[in-house]
Amino acid sequence: MNLLLVNPNTTAAITDRLVEEAQRVAAPGTTITGVTARAGFPYIETAAEAMIAAPAALEVIAENLDGHDAVILAAFGDPGLFELKRLLPVPVVGLAEAAMMTASATGYRFGIVSIASRMQAWYQKAVDQFGFHQRCVGFRFLDAPFERIEEVRDRYGERIFALADDLVAEGADSIVFAGAPLAGIAATSGVSLRVPAIDGTWAAVAQAEALARMVQSGALQGLPTTAHGKHSRGLPTPMARLF
Amino acid sequence: MNLLLVNPNTTAAITDRLVEEAQRVAAPGTTITGVTARAGFPYIETAAEAMIAAPAALEVIAENLDGHDAVILAAFGDPGLFELKRLLPVPVVGLAEAAMMTASATGYRFGIVSIASRMQAWYQKAVDQFGFHQRCVGFRFLDAPFERIEEVRDRYGERIFALADDLVAEGADSIVFAGAPLAGIAATSGVSLRVPAIDGTWAAVAQAEALARMVQSGALQGLPTTAHGKHSRGLPTPMARLF
Amino acid sequence: MNLLLVNPNTTAAITDRLVEEAQRVAAPGTTITGVTARAGFPYIETAAEAMIAAPAALEVIAENLDGHDAVILAAFGDPGLFELKRLLPVPVVGLAEAAMMTASATGYRFGIVSIASRMQAWYQKAVDQFGFHQRCVGFRFLDAPFERIEEVRDRYGERIFALADDLVAEGADSIVFAGAPLAGIAATSGVSLRVPAIDGTWAAVAQAEALARMVQSGALQGLPTTAHGKHSRGLPTPMARLF
Amino acid sequence: MNLLLVNPNTTAAITDRLVEEAQRVAAPGTTITGVTARAGFPYIETAAEAMIAAPAALEVIAENLDGHDAVILAAFGDPGLFELKRLLPVPVVGLAEAAMMTASATGYRFGIVSIASRMQAWYQKAVDQFGFHQRCVGFRFLDAPFERIEEVRDRYGERIFALADDLVAEGADSIVFAGAPLAGIAATSGVSLRVPAIDGTWAAVAQAEALARMVQSGALQGLPTTAHGKHSRGLPTPMARLF
Amino acid sequence: MNLLLVNPNTTAAITDRLVEEAQRVAAPGTTITGVTARAGFPYIETAAEAMIAAPAALEVIAENLDGHDAVILAAFGDPGLFELKRLLPVPVVGLAEAAMMTASATGYRFGIVSIASRMQAWYQKAVDQFGFHQRCVGFRFLDAPFERIEEVRDRYGERIFALADDLVAEGADSIVFAGAPLAGIAATSGVSLRVPAIDGTWAAVAQAEALARMVQSGALQGLPTTAHGKHSRGLPTPMARLF
Amino acid sequence: MNLLLVNPNTTAAITDRLVEEAQRVAAPGTTITGVTARAGFPYIETAAEAMIAAPAALEVIAENLDGHDAVILAAFGDPGLFELKRLLPVPVVGLAEAAMMTASATGYRFGIVSIASRMQAWYQKAVDQFGFHQRCVGFRFLDAPFERIEEVRDRYGERIFALADDLVAEGADSIVFAGAPLAGIAATSGVSLRVPAIDGTWAAVAQAEALARMVQSGALQGLPTTAHGKHSRGLPTPMARLF
């Protein structure tokens, strides 16, 4: 199975990081191709930036989709997820949606721990949009300085777990860790949290494989396999062909 | 990977049917063991019957759990699903929950087609309980006589698709087929529906494999691995040990 | 009027305690028969335990229902309440549902004070399931050690009222006290709280009497007076006869 | 026990009709005093008319409250109910609220059958305001001509039951009959409906008695027993004294 | 354009204050006539007081409506707003509704800062009633003593901004300032808050002008231009003529 | 006052049509500049197309924003509205949001009449996203063939009003007409509908003027006046400067 992991951020290093995490959880035989948006922002933090990133992600999806069985939209907040679902001929999975679904599949309520509180408005909208308002206990943000995303887990691990504990105390049955700097942290937090800890990238890989296998076995049909031939203007050819 | 498919109905023939459907979509290397509730009802139709079926299902789960990586609770309506999730040391997946999550992963709103309108109250409660109230366009029921569940698909196929079309006309982006007699019908309905058609059993297998793989790779930790040692009374020993 | 108070916990001392509280508020001429579940847990604390308790409660209900005008399901969290409502030929009332309805009947928003935070997930689900999400300000738990439930009120009374005051400060117009150790505490808290204080047991008695009187006067008809004759397997005879 | 039934409509004949229905379901020893608003409208049909009726109802409540244990606000739509609850020193019960609570206490979803579709906006707001949006399947209105409210039940009984059946087919587990001309019709509809049929007046009496008994036994304290001494202008003295 | 600003409080000084603020934001050519309720309360703080104020406000509206293009109901909490909308032949705008709509038009979630926490229940109901439950982050109240409303802004300005900052930290994208003593404070708070600050009076003027212009240009038709001729009793003539 | 009306469709004729309607309702002294997206689709019908249109609209906004006091995003469905609100230094108003707010300002529930049912999914998402789920009675679509948008009103006027009447019968207190071919139809429908009829373009102009005037008078501060200087890649310069 071939998964196309699209990073809507323009930073290739983040793509590499997420592909590495994705490979940890992928089934044997699954290949993961990482592609990076060419236009947009190094690190998306707001809904407005995500709005720019969505078609930029679609552009590189359109160029690379051939031969892939599913697409992972690899930025928590899932820019353009709903829109892509009804456009592409293969399943599309977002990090936020997959994480929240997995959280719901392991408990009743969840909390979200992430990097910076300036991302809350964008994340909150994702929670509401996917219909998880009543299941989401709330957010906690690290709001601490760091130079490279790699150092976050080591330097602030304890503090991050403390934020997660706060949310458990408020009634969270599981914790979602959001944002590339926290990718993989869930793998070491399980014991101390005593509730399931969920990583968006991992959850998205598992969901993408599940949906792709459903398609392969004929269990999921009716995805939009042919374009409508809708006339467009100014779109790159591979992208225009999808409509 | 070994999945334990538990039929909360007491009819072994239904178990066989569901295991057969489950195997169609299972990944290579996945084994599926079907077990059937010993106490309860041949075919659950109401919430009260489901209430009896839930611990009866847990009883056979407790006896057979050893060596399995995930549990599929194989009756749409998912008797005891929420409760089992926080009790068992492995992921538990329900047909209704998996189908509705898969529907949400392929579109915005879904409709549910099933067998008999006397099941609506039970199903409606499942929709609301899993938080899909705003995503569910509504129900359509076949309400037609049949002798054996095998004959339903052939005899009423066209009528069932017409019910699905009604829901698409009301705004459904995908259709969930619910109930053992409709198991597998989605595999042939995709083209005519032009929206994704989702089968609870298939969706549950895909979800169970996804969650189990997350556990295996360390991506999902924090499930309740050890019992609390809670004192109980009158429970069969294997079941008592889970608490 | 004869009310059947069923304690889904297996501890007869709790049954006695709840019957005693129930009798305080019962109308003249109302008799209250307490019965205790034979199987399950001494003190239910989680949804999974409640799932076991529900049919165990139904078992003793089925044996003792004859001659009773209504059933009180006497554990906050109301195991199996929705399910029993459409099964039994008499009204069934739960402590949580009755308390939250009474709270809604005296103000707009309410808060819930109870014993231990490990019960929150179960209680939260009850709040959501009964549709009181928007009316419930939140929870406060005592989380303090005690040996016998009788000592809680005396030893921690002040602290319990302080928790209630917190919820009033957050916008609660009334306070629900949940859990057998707090039964009756509302009777002494009214003045200091300055908002209505509601006890689940008392509220349930009042509701049960009200519904039973409606049945007696012909004002509430259409309860499921005859069983469907549904075939079952492995159920105790009195219970099987209800389906 | 003494109940004050206040008719917010200015038609004394409706008051008499409602008191008569109320007495059918009242417990032995309960007296029901009917009072009629002096200002407002003969038969309230809209929210704007209800807005006028609310203080007019309070005016006659203030004059007659002495010696009564609870107040029944006897117009479906419950003009001023929320407001009165936090003002009066005794429980206040509304027809719509009591009927919807009773419906919820006997099943999961309910439908409402009433007289004229021009009342829908007002009733819909009551449903939403009391938080029953998710529980209410919908409305059906008779919309047929009649001269005296007494003739409605006899002349249109079959048609009214057919409307109720429609709602059952849409998933209603119980039916609420709303509006004075339908008062009492539930008493004869139970059998044919096969789901509980609920009458607002009857439900309100039962609720009022239940709450009043809770107050009498000390089980419900914290109602606003003393006025705040808030200065007012232009209010009739008995009414002014309540603030 | 002529706007009728109705103060449902009986304090003329508040009317003057609100008219002054209203004139700051009014378009050139807009005149604002302030009228004050004759009956009711000097300063409404609860839902029960608002219930009295609503028809008192309608009474002075009815007397003064002639020649006005829209009505501003000038008390946050908007007593009778929904009811008046379908009664009056011109648009009616409330301070709370206009402020929350403006907040929603500038961001996703908002918080509300006001004077005294005893107003919370009334305000909360307004938030829920207008459907802004999911958009409202929460409340903060000053709860500080003052003699004249004029002094509040100067004496407590910093503290008020700190309360607003709290709500921004909890995820508010904009802040609504509610209550006459805070009227106008938003004009100086913008910079320090870094999120939009919204004043109910200003928002209401802007909305009233917008709706009135829609009517003038034929863009908004179908308002209830003629009364139904509904018979009433005991209503002042100008008011009776509206029904 | 200068309003920038941006048509996210690439068809200039639609822009002209909408500017013409906008001018009908604009206040004296308001100028309206129409600009048309250069990239995207002649007529947006789905969420995926809207996703492409959103940054294309921002591109022409960025080029033309100078000297304008507010932006009207002139396609029902409001592509990118939430995102633009927190980015641009002036108020941004969408047709769907403005229409639904105006509908809510004139009644309790509304219905939406539009052109083609293939737009329902996109529109439904807009309704849910803006929080109007509980206020929206439902949709009706014309689904009839036409050559030029100008002919729709004349050719199908009666049928369109009939669809609106259906929604009124289902409980709508006002009707929103959506889609450029229906622009202006509300001006002639008022009388026959007997409920307010609302046009998105008109409502958006009124809202844009109201918000812009609030900014001019200092009543609305805190809009994002300065860009964050966020580094971007591949964005046209005027657009990049906004971040």
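For clarity, chains are labelled A, B, C, D, E and F in written order, and residue numbers in each chain start from 1.
Keep in mind that, in the parts below, a residue touches a chain if its C-beta (ideal position, glycine included) is under 8 Å from a C-beta of that chain, and two chains touch if they have at least 3 such contacts.
Computed from a predicted structure; not experimentally measured.
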Going from subunit C to subunit F via touching chains takes a minimum number of steps equal to 2
Co-neighbours of subunit A and subunit E resolve to C, F
Contact-pair count is greater, between D-E and C-E, for D-E
Of all chains, the one whose CA centroid lies most distant from that of subunit A is D
The chain whose C-alpha centroid lies farthest from that of subunit F is chain C
Separation of the C-alpha centres, subunit B versus subunit E, in whole Å, is 51
Expressed in whole Å, how far the mean CA point of subunit B lies from that of subunit F is 42
CA centroids of subunit C and subunit D: separation to the nearest Å works out as 26
Distance in whole angstrom between the CA centres of subunit B and subunit C is 31
For subunit D, residue numbers touching 2 or more other chains are 82, 86, 107-108, 121, 125, 134, 173
Contacting chain pairs, sorted by label, are A-B, A-C, A-E, A-F, B-C, B-D, B-F, C-D, C-E, D-E, D-F, E-F
The residues of subunit D that touch subunit E in their complex are 10, 38-42, 45-52, 54-56, 58, 80, 82-84, 86-87, 121, 125, 129, 230-235, 239, 243
In their shared complex, subunit E is touched by residues of subunit A numbered 117, 120-121, 124-125, 128, 133, 139
Within their complex, subunit F touches subunit D through residues 107-109, 134, 169, 171, 173
In the complex, the residues of subunit C that touch subunit D are 24-25, 27, 82, 85-86, 91, 93, 97, 101-102, 104-108, 130-132, 134-135, 173-174, 186-187, 189-191, 193-199, 202-203, 206-207, 209-211, 213-214, 217-223
